[in-house]
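Across the two complexes that follow, subunit A remains constant while its partner is subunit B and subsequently subunit C.
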Partner chain A sequence: MKILTHNMMACTKRQCVGRGFPLLLEVKDVSKLEQEFNVEFTKNIFPKLDWKGITMVAAQFNLNLGPITEKSIEDEEFLKNLYNLLCNVKVMTGQLTCPNCQRVYPIDQGIPNMLLKEDEIYQDIQPEQQQQ
Partner chain B sequence: MLYSICQSSSSSIEYDSSFKLNSKINGTQGFSSEQGTNGVTAPISHDKSSDRDFKKKKMLFKHLGNINFNCQSSSSSSSSSSKINGTQGFSGEQGSNGVAAPIRRRMSGNSNDLPNEPNMSHLGSKDYQNVYEPAQDSFLFIDALKKDVEYLKGLRPLVAVEIGSGSGFVISYLSMLLNNDGYFLSTDINPIAAMTSTRTATHNNVRLDVVNTSFLSGIDRLLGNVDVLLFNPPYVPTPSEEIEQGGIAASWAGGIDGREVIDKLLPQISNILSEKGCFYIVLVEENKPAEVVAIMKKYNFKHKVVGYRQAFNEKLYIVKFYRS
Partner chain C sequence: MSRPEHIAPPEIFYDDVESRKYSSNSRIIEIQTTMAERAYELLSIPEDKEGLLLLDIGCGSGISGDVITDHGHEWIGMDISKDMLDVSIEREVEGDVMLRDIGQGFPFRAGTFDGAISISAIQWLCNAEKSHHNPRKRLLVFFQSLFSVLTRGGKAVLQFYPENAAQIEMISSAAMRCGFTGGLLVDFPNSTKAKKYFLVLFTGSNGSMPAAKGVGIEEAEEDGVKYVNRKTEIRRGNINKRVKTKDWIKGKKERQRHQGKEVKSDSQYTGRKRKPRF
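On to the complex of A and B.
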């Protein structure tokens, strides 16, 4: 799981829609990739990022991106660091935890498992519905 | 050059239909020989090893049924051809783009310096017990993407996603086709398939990220950002219950008309795709492609048939949906 993918992810539970990200990331094993810096790509992906998630993960990897402003998109050094974080860090083993419901999603062999069990999907909503 | 291919295609579709019965008979021969090759290596007790051709076999079974039906109901060739004309409606509508390529398992020469199919030498029959092995549908899919390369490159896609990537054959090919420029992601509900997609990507120097999930659930923030979406669905008509079986069944069991999984995704497409985004899907005749097109039209999508092939007894289509 690349950090870019982490940035796109959220808890799958219905009651967490809009609140289930950024997922807390726990890293056991990480692999470094060596893709060449791509300015265009980084500039294009820039507006789509969730910065709360980026700063959270950057801190975990002791990466100081500096202050993030609208001008950051023109700062090549910033973009380069950002690209390396997004595309060249791959979490191989670890887990993701929803900040809202605390559901844990395992990451194994670089693949996060986001599947819920059938009864989990509405788990925390059902009691209310039953009361009605 | 493309134009000439298109020109000939419309006639070759008719050509197809004129020997539909013949090709069905050929198909049944193909089927028995298929079984032969599979049967030799797979003792009856090994149910799983025969699963790998299920997507194909299921279809063949269905068509065997159709042949009986044809024999009973249509004594005259004219009535059978009118039925064929009926099924032609869909490809006919598309006019020049129902490209009918000859059946071939491997892609032909590398004429335009475009990459050939991904190297799959890292996978063996053991892997294909749990993951759908690239077959005619997969080969037609990458052929269609290859033919549509100018469009795809012109799109300058930032995010490309395949839902249900299985062996990873198609999304790896797309990445190769676009020179690995962009963010390539795939999902699969089958954990072994997700792992296999990763292996295929790595084996072909493709930087693919894979998530074990259903459709795009859990990757919510991708919604509205996907520029190219690929889907080779479980399109084989089966009883609805088979969809829930999981494992390799998820690669072929499509429920009623083979449409149940497809129909769950279609209403989500307009939310998934970016403004310029496009969606490629594999369909077979049994899925009633014209109906799928009508559903997508309600969401303001245009369509184009970018691939057509009759393989064994599957009439396969690759349909592209796009907004403008």
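On to the complex of A and C.
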């Protein structure tokens, strides 16, 4: 699982809607990838990122991205570091914990297991949709 | 054609053996790639646009993801079959994959993806695999969640194999109830085999439906997935053509003579059928 995915992810159990991110990341094993720096992509993804998640993960990997401002999007060096964090770090084993409901999602062989159990499903149907 | 949905739930049907078969069969790869290309085309992303983040629903071994990578975008995929995902890891696909039942919605923040594609996945949602499954509810959860993870103005192109008209109705009505606009697009509607259903959905109301392929007859022949049936082949005479003709036998004997093997000499009976004994 790339950090990019981690940044986009959220726990979707009903009680966690809007609060289920950033998931707490516990890393046991990491592998480095070597994808080429993609400016276009980094710029596109920039406004969508959850910076709380980024700073949290960056601290875990002892990475100092420097201060993040709105002008950071013009800073080539910053974008390069950001891209390396997002797309070239792959968590192979570890686990994700929802900050709200403490549900643990294991990561095995680089694949996070996001399957919910029977009693955790159907909680995210909104009431007005059910009435229709 | 048998329907895998009738055999077993997806996470069981696509086991180790089946996943490997699926991902090494060149015909399946070709069909999947063609459909993924078409789905990508239907997303109508401008040609010079690169570096978007797309969602691949039911990504399997990442064949459709490769198409996205080729167009210069990043993707995140999900599938319910662990074995399929293992194959995708082995193939070292560029995108990221996760294990998730799409009937449970998507575990992402709202407004994350610029678009979504899905190849031959959502018909699985029409079946109840477990006692607590309710296909209608699962479809609603699926589309609601899809609506929320797409950016405004985002598009989703979902290719699927409906079993009957009721399934088409069930799927598209669920999509419309969740706020999507758009509709069903049928490529090659006059062909049984090349016919493909695409559900083209927009989160905004400003999208216009793309045109279907192969509505005219001439085009249907050259484009799309080729299908060669064993029966047609026999009719065309490509199969069961007599192989061991007189010329072939003579040629073989000649070759063996060159190799220094002991070969019976040719006579007027060489290559003739024996007369029936009864």
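The working rule: the second predicted complex is superposed on the first by the 120 of 132 C-alpha atoms of A that agree within 3 Å, B and C clash if a C-alpha of one lies under 4 Å from a C-alpha of the other, contacts with A are read in each partner's own complex, and residues count from 1 in each chain.
As a working rule, a residue touches a chain if its C-beta (ideal position, glycine included) is under 8 Å from a C-beta of that chain, and two chains touch if they have at least 3 such contacts.
These figures come from a predicted structure and were not determined experimentally.
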| item | value |
| --- | --- |
| Fit or clash between subunit C and subunit B when superposed on subunit A | clash |
| Partner chain(s) touched by A:10 [first = subunit B, second = subunit C, both, neither] | both |
| First, second, both or neither for A:113, with subunit B first and subunit C second | both |
| First, second, both or neither for A:41, with subunit B first and subunit C second | both |
| If touched residues of subunit A are counted for subunit B and for subunit C, the larger one | C |
| Subunit B versus subunit C as contact partner of A:57, first or second or both or neither | neither |
| Clash with subunit C (superposed arrangement) - responsible stretch of subunit B out of 7-15, 61-69 or 79-87 | 7-15 |
| Footprint overlap on subunit A, where subunit B in one structure and subunit C in the other make contact | 1-2, 4-5, 8-12, 21, 35, 38, 41, 44-45, 48, 50, 87, 90, 109-115 |
| Contact set on subunit C toward subunit A in their complex | 50-53, 72-74, 76, 78, 80, 82, 85-86, 89, 94, 96-101, 103-109, 111-112, 114, 130, 132, 137, 140-141, 144-145, 151, 177-178 |
| Touching residues on subunit A, where the partner in the complex is subunit B | 1-2, 4-5, 7-12, 17, 20-21, 33, 35, 38, 41, 44-45, 48, 50, 87, 90, 105, 109-115 |
| Touching residues (chain side subunit A, partner subunit C) in the complex | 1-2, 4-5, 8-12, 21, 35, 38-45, 48, 50, 87, 90, 109-116, 118, 121-122, 124-126, 129, 132 |
| Interfacial residue positions of subunit B with respect to subunit A in the complex | 158, 181-183, 185, 189, 191, 194-195, 198, 207, 209-214, 217-222, 225 |
